[in-house]
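Below, each structure is written out as C-alpha cells.
Below, subunit A partners subunit B and then partners subunit C, in two separate complexes.
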Partner chain A sequence: MSAAKKYKPMDTTELHENTENIAACLKKAENVAPTAAAASSVGRSAFAAQNMNSASTNGERLPNFSKLGGSHGEIRTASTTSNLLNRMGAIHNSKPGDVKKIVIKNFKDKPTLPDNYSKDTYVKLEEAVIAIQLSKPIKYSLEELYQAVVNMCSHKMDAQLYAKLKELTEQHVKRNIKLKELTGGSMDKLILLEKINHWWLSFCQQMIMIRSIFLYMDRTYVLQNSTVHSIWDMGLDLFRIHFAQNSVVQKRTVDGLLTLIEKERQGSTVDRGLLKSLVRMLCDLQIYTSSFEEKFLDATNQLYKAESQRKMQELEVPEYLQHVNKRLAEENERLRHYLDSSTKHPLIYNVEKELLAEHLTSILQKGLDSLLEDNRLSDLTLLYGLLSRVKNGTSELCGNFNGFIKKKGRTIVIDPEKDKSMVQDLLDFKDKMDVIVRTCFEHNEKFTNSLREAFEFFINQRANKPAELIAKYVDMKLRSGNKGTTDEELEKTLDKIMVLFRFIHGKDVFEAFYKKDLAKRLLVGKSASVDSEKSMLSKLKQECGGGFTSKLEGMFKDMELSRDINIAFRGHALSNNRDVHNLDLCVSILTMGYWPTYAPTEVTMPPQFINPQQIFNKFYLEKHSGRKLQWQPTLGNCMLRAQFDAGPKELLVSLFQALVLLLFNDKPVLSYEEILAATLIEDGELRRTLQSLACGRARVITKTPKGREILDGDQFDFNNEFTNKLFRIKINQIQMKETNEEQKATEERVFQDRQYQIDAAIVRIMKMRKTLSHNLLITELFNQLTFPVKPADLKKRIESLIDRDYMERDKDNQNQYNYVA
Partner chain B sequence: MKVTIKSWTGVATWRWIANDENCGICRMSFESTCPECALPGDDCPLVWGVCSHCFHMHCIVKWLNLQPLNKQCPMCRQSWKFNVH
Partner chain C sequence: MADDPENSVDRPTDDGDAGKPEKMFTLKKWNAVAMWSWDVECDICAICRVQVMDSCLRCQADNKRDVMGRQDCVVVWGECNHSFHHCCMSLWVKQNNRCPLCQQEWSIQRMGK
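Then we have the complex of A and B:
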C-alpha cells in the first residue's frame, strides 16, 4: 500500500506534462502549415492524444514495462516482489507483542537502461521515421515511439538522437531531389510543378508527423541549445539547401510558375491552388525573394512594357485607361490569391510604371484635350485616379490641363468673329472646367489654382476687348426687357461674371465701358431693377474697393437728387403759373466727373425747348449758387404727338429726331441742306437721325430719292400717310457707327487715365530709389503696372515728370535719374 | 401744327463756375470734393479769393489754419482775402 502510494504522484505529473505538450504541438501545427496536410496531421495527433488518455484511464502499467524492455523490466518487478515477501517473512518471525515499523528504502542508485536498450530504440525510431518518409505503415504505436524519445532524452542521449534524425531527413531530401523524373528534360512544365507540389506537401506532412513523435526533444534539448534548430526548421533548412543547390530543379520550378502566370495574364484559366501552394513553399524555404520575385518582376516589366506599347498604338486613350485599370485589378487579384504580400508594392509599382509613367506624356498629349473638350467625366475621373498613382502624374495632368484651358480659352478670346458670344462662351467654359475639377479631379486645390491661373493668362491675351464685352454683357443682363430671368438667376449670373471680371487686368477698361452703359440705363430709364444695379455695384466694390466704385455710386446719387429737384421744379412751376404747363419737363442733373465725358454740342432749338430750359436754369441756379449747367442734347429724349391722315400717334424719339420733325410744322418739304442749316446738328449725327426717321421700320418722313443712304441733295417730306398698329411708337436712333466711335473714344479715355497711373508709379519708384538708371526704371515699371504699356509711352511720361520737376536727369550721367523732393 | 411736344426728358451736367478744373491744394477736380467729403455740391462748396484763385472751402480753410502769421494764397502768395461778392 505504501509502495503504491509512493509511485502514483510522479506518474500523474508526467501524464499532465505530456498532455500539455501535445496541445502545444497541435497549435504549432496549425500555425505552421494551414493546409489540407495539416488537417490530416491534426487528426493523427488527436488520435495519439486519445491513446494517451486511454492508457491513463486504464491505469495499467504492466504492458508499458513489458514493451520497454522485457528482460530488465521483469527482473525489476521480481526484485520488488522479492523484497516485499522478505519483509512479510520478517514480520511473521517477530515475537508476539513486539511491533516494529516497516521501512521501505529508496534505490541506492538510479535505475539504468539495459545496455542494448539505446541500440534497439535507435533501430525502432529509425524504422518509424523511414516508414513515415516513405508513406508506409508504422509497426509501433505513436505513443510508444513518443515515450521512447522521452526515455532517450532523459538519459542524455538526445544529442545523438537529434543528429541521427537530421541525418535521416537529409538523406530523404537528397534522394528526392535527385529523382530522375525531376531532373529529366522531357517532362511537361505543368506536370513537373504538380510533382514538386505533391512532394513538398508530402514532405511537410511527414515533418509534422515526425515532429509530433519527437516533440519532447523539441521542448527540451532544442530549447536548451541555442545553436540547434527546431525539428521543423531543420527540415525546412535541409530542404532549402538541397533544393537551392539543385539549380535545375529550382530553375524549372520558377520557370514553370512564371509560365503559368503568363498564361493567366493572357486570359487562360490556370490552377491557382497549385500556384499558391508552390509560392508558399518558396516563402517557407525563404528563397521566394531571391529565386522567384526578382524574375517575376522582370517578367512583369517585360510583359507590360511590350503590351503598353502595343495598346497605346491600338487603343484610344479612354480604352487604354480602362485596360490599365483592368490590369491593375487583375494584379491585385493575383496578389490576393497566390502571391506573397511582400510583392504587392514592387508589383503594383512596376505595373503603374510600365503602363502609366512610361507613357504619361503620350497619354496626356494624345487624349486629354479630347476628353476635356467632349466633357468625358467618367474617363477623366479614371484618368485622374490612375495618374494619382504615379510620380508626377497629377503634376503632369495639371500642367496639361492648364495648357488646354489656355489654348481653348485663347480661341474664345482672340477671334473677333466670336465677340458676340465671347462672354457667354467664357462663362460656359468656366462652368464646364469647374465641374471637371470638382467631379473628376476631386476638388484638388492644385487644379483649382491652375484653372484660375490659366483663365487669368488667356483672358488678358487680348487687350481691352474682353473687359469691354463683359461690361456689355452685364449691361444686357441689367437692362429692362431681359425677360425670362428671375432675380435669383440674375444674381447667380452676376456672381459668375464677377469671377471673369476678377481675372481681367484692365479693370479700368471695364469701368469705363460699364459706366457708359450704366449712364444709358439710368438716363433712358432702361434699368431692369434698382436692386440688381445696387447688387452689382456692391460686388464691384467688394472686389476692387471703394475707390473703384465711388464714381459709379455718385451716378446713382445724382439720379436720386435729380428726382428731388424735378419734384421741386414741378411745384415751383405750378406755383408760378408759367407756360410750362403745356410741356412736361424732367431734367437729370449730372455731376461733372462722375459720368462719362460728353463732348459739348451746340444745336439750334426751337422756342418750345428754349423757353422751359431757361425757366429750369433760373430755378436751378437760384437754388445752387456758384454753378453752371451744360445741357446735353445728345442724351435727351421726347414724347411727341403727331397728326397723320389715319389718326394721331405718340412718338418716343431722341431730342435730335424731335428737332428734325418739328421743322415740318413750318414747311412740308425740306432738303438735307435746309435741315442741316436749321438745326446745326453735326453732319454724321444728322445723317443717322434722318436715316432712322426715313429708312427705318417706322417711316414718319419720306425720302426722295429712295434708298438707305442719306446723301446731299436728298429731299424729305412729312409722311401724312404713315400708319402703324401701335398708338405709341418708339423710333430708335441708329447706333452702330456711333458704337464704334464711342468704343474708340472710351479706349482713348482709358489710355489717358492710365497716364496718371504711370506717373504715379514712376514717382513711387523714384521716391523709393532716389536714384535709378533708365533701364532699371523701365524694368520696375513693367513689373508694377498691370496693364500693357509701351516703352515709348513710358519715355513720354518720364519726360513729362522731368518737365514738372518731379525728377531730373543726373548732371554727370545722362542715363540716370534723380528724385527731386 | 402737325407735331407737338408732349414731354421732354432732358440731361444737363452741372459744374462749378471756376476758371480752372482742379483744386490747387488737393489737386482733385472741383466736382470731386475735397479729400474728406463724400458728396460734391453744397456740402463741399468752392470759395474764391480776391486774387481770383479758387479752392475747395475745406481745403483753403485748412491751409490758412496752418499758417501762424501771414495768411497767403497758396497759388500766388498774395495776402489771402475771401471774395464775398
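Then we have the complex of A and C:
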C-alpha cells in the first residue's frame, strides 16, 4: 500500500510538465505570426496560405500534432499510457503493479530517440529554408517550423542548427553571385543594377522570413554566445563576404551607380529609388565607404574639375557663380534623396574645392572688378556667400576688394583733369563701397577695415591736392547760394566729408586752404549758415583736437568782436558829428596769426578813405592800448554811387576798383601811367582791375584803343553812356592768376610750417634717446611724422639743428648724433 | 561862362548845393579789413620763446584762454620798452625784479588790452 502511494506523485509531476510545455509553445507560435506578417509581403502571403490551410481543415492541426508525436511515438505512447493508467487507477485501484513496470520502461528508452528526431527536423527545416530562398511554397506551417526550432534548441542542438543555417545561406549567396556574374558580361548597366537591386531586396525579405522562423534561436543561443552573430547579421556578413570578394560584380554595381549619378548630373532623369535602395544596400553591407564613396568622390572630383575649367572659359563670372550655386544645390538634393549622410562633408568639400577653391584667383581676377564697378549687388552677395565656404575665400576676396578700391580710387585721385569732380566722385565711391560691404559682405569687419585702409592708401598717393580739393568742396557747401540743400542734408554731407578728411595725412594742407576759404566767406559775408559753420568746426575739433581748430575758432570770435566794435564806433561817430556821417564804414578787426597771412600792400588812397580810417584808428587804439592796426586794401570792398546819362547806379566793387573810379571825378580822361602813379597799385593787380572795369560785362569806363589786354599806352574815359537794366551792379575782380599764385603760396606756407614740426620731432626723439644713429633717427622720424617727407629734407633739418646747438655729431662716429642738453 | 550852365543842366544833384556840380562817383559804403597786432619791437617773448600774438606756453598748456579770455596773456611793456607776455613776466618778477633782457629795474610802463 505504501509503495503504491509513492508511484502516484511521480505520475502527477510528469503530466504537469507536459502541460506547461504545450502552453508555452502555443504562446510563442502566436508571437511569431504577427512578426512574420509585418516582415514582408512574402511573409503575409505565406501566412495567409497557412490560415487558409487551417480554416479549410480543422482536422489538419490534429494530424500535424499526431505526426510530430508519431515521429517519436514511444514518448507519446508513454504519455497516453500514463493518462490511461491514471483513469484506470481511479477505477481500479487494485492494479498498482502494472504502473510500476511501465514507468521503468520510459526512463530506459529516452536516449535512443533524439538522433532520429534531429535528423528528420534538420531535413524539414532545410527544405523550408531552401523553399524560402527560392521563393517557393513551404510544405509545413510556420508555426510548426517555429516549434521545431524551439525543440531543437531545448535539446542542446542549437549550435548545429545555427551552423547548418549558415551553410545554407552561404550556398544561396554564392549561387546568386555566380548567376549574375555569368550573365553580367553582356548586360546593360541599368538592367544589371535593377537585377542586383531586386536580388538584394529579395534576399532581405528572405532573411526576415528565416529570422522569424528561427527567432527562438536568435533570442537564446545567439544572445548566450558573444562570438555568434545574429541571424540577420550573419546573412549580411555572408552577403558582404561574397559580394566584396567577387570584384567583378561589385565593380559593376559601383560603376553602374556612378554612371547613373553622372547621367543625373548631366541633366537626365534617373531612377532615384533604385539609387537609394542600392546605396542603402552598400551601407547595410558596411562597404559603402570602401567600395563606393571613395570612387564616387573621385568621380565627382574629376567631373567638376573638367567642368569648372570649361565653364570658367565659357561663362562670365556671375553666370559661373550661379552655376556653382546650382551644382551645390543639386549635390545637397542628392544627399537628401539617396546618398548616405556621412558623404555630406567630403562631397560638399570636394565640390567647393573643385569649383571654387581651385579657381579662386581666376574668379576674382576675372570678375570681381566688373561686379564692383557695375554695382552688381546680388552677384556680389552670391560671391561672398560661396567664397565663405572655402578656406581663405573671404581673405582672398577681401584682398582683391582692397586692391580694386586702391586701383579705382587712385584713378580718381591722380588724374588732374578730374580735379573738379574729385571730391564728389570720392564721396560717391565711398557710398557705393559702403553699400556693398553692408549689403553683400554681411557687414564683415575685415572688409570694413580693408575699405578704410585702401581709402587711406590711395587718397594720399597724391600730395596736397586731395586735401585742398576737400577744403574747396566744403567751402562750396558752406557758401551761401547753395540751393536745394536742407540743413539736414548739409549735415549729412559734412559727416561724409569728415570721413574722407580722416583718411588724409596732410591735414595741415586742408587746414590752410580751409582757413583761406573760411576767411573769404566771413569777410565777404558769404556764409550760408552760422550753425553749419559751427557744426563743421566742432567736427574738425572732435577729429583733430582743440589745437587744430583754436585759430579757426579765433576767426569766428574776431567777427563777433568786430560787430561789437562797429556798433560802438557808429555811436562814437554820431556823438562826435564827424565827417564820417555820410559814409557807412564797417571795419573787420582781425587778429594776426589767426587768419591767413596777407601780404602788406601800400596804395595811395584819396581823402574819402584816409579821413575815416584815421578816425577809426584813433577810436580803436584809445580803446585797446599797445596795439597797432595794419589795414588790408586787398580785402576791402565798397559801394559807389555813379551818375550816368541814363540815370544813377550803385556799383559794388573792390577797393582797388573804387580807387581807380574815384580818380575820374577830377579828370574824365586818364592814361594808364597816370592811374598807376595816382594809386600806386601793383602793376599786375592794376592791369586786372582796369580789365574788369573796361573789358568786362559792365564797362563803366572805356578803353582806347579797344581790346582785351591792358597796355602801357592805353587811355581810359568815363563811360557816360553806360546802361544796365539793374540798379545795383556787382563788378567782379579778375583773379584767376591770383588764385593759382595763392594756392602755391599756401602750399609753400604749409611746407614752411612743417619744418617746425620736423624740428620738434627731431628734438623730441634726441631728447629721449640722448644718442642715436642717423639711420635709426630717420626711421623714427618716418614713424612719428604724419605727413609725407623726404630724407633730403630731414637731412637739412638735422644739419640746421646741429648748427643751432640742439645736437651734435659724435666725435668718434660720424653717423651718430648726441643730444646737447 | 557858357560851360557852367551846361554842367548844371546835365548833372542833376541830390545835394542841397544847387550851384555845385555832382561828382561822377561817390563813396557810400566801405567794408574795410584791418589786422591788429601788438605794437612791439620784437615779436617773440624772450621768456617763453612764443610769439606774443599767441598765448604763452603755460596758457596754451592749461588752455586758460577759454576761461579767462585774453587778459593774462596780453603784453606788458617795461620802462625800458622791452615787452613780454604778462603771464611770463608776472612769474619772472617774483624771483628777480629786473628786465630779463637789459637787467634794468623792472617797472611797468603800460599793458596791452
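Everything below uses one rule, namely that the second predicted complex is superposed on the first by the 705 of 821 C-alpha atoms of A that agree within 3 Å, B and C clash if a C-alpha of one lies under 4 Å from a C-alpha of the other, contacts with A are read in each partner's own complex, and residues count from 1 in each chain.
Heads up, the rule we're going with is that contacts are C-beta pairs under 8 Å (C-beta built on N, C-alpha and C of every residue); 3 or more make two chains touch, one makes a residue touch a chain.
All values derive from a computational prediction rather than experimental measurement.
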Fit-or-clash call for subunit B and subunit C when the two complexes are aligned on subunit A:
clash
Classify the contacts of A:Lys706 with the two partner chains as first (subunit B alone), second (subunit C alone), both, or neither.
neither
For A:Gln608, decide between first (touching subunit B), second (touching subunit C), both and neither.
both
Which partner does A:Lys628 reach: the first (subunit B), the second (subunit C), both, or neither?
both
Look at A:Leu590 in the shared chain and tell me whether it touches subunit B only, subunit C only, both, or neither; answer first, second, both or neither.
both
The intersection of the subunit A residues contacting subunit B with those contacting subunit C is 523, 583-593, 595, 598, 608-609, 612-613, 616, 620, 624, 626-632, 635-643, 650, 655, 658, 661-662, 664-665, 718
Residue ranges of subunit C touching subunit A (in the complex, touch as defined)
11, 22-40, 51, 53-54, 63, 74-75, 77, 110-113
If we count contacts the way the header does, which residues on subunit A are in touch with subunit C in the complex?
523, 546, 583-593, 595, 598, 608-609, 612-613, 616, 620, 624-632, 635-643, 650-651, 655, 658, 661-662, 664-665, 668, 718
Going by the contact rule set out above, which residues of subunit B touch subunit A in the complex?
1-17, 29, 31-32, 39-42, 45-46
Where on subunit A does subunit B make contact in their complex?
523, 554, 557, 561, 583-595, 598, 608-609, 612-613, 616, 620, 624, 626-632, 635-643, 650, 655, 658, 661-662, 664-665, 718
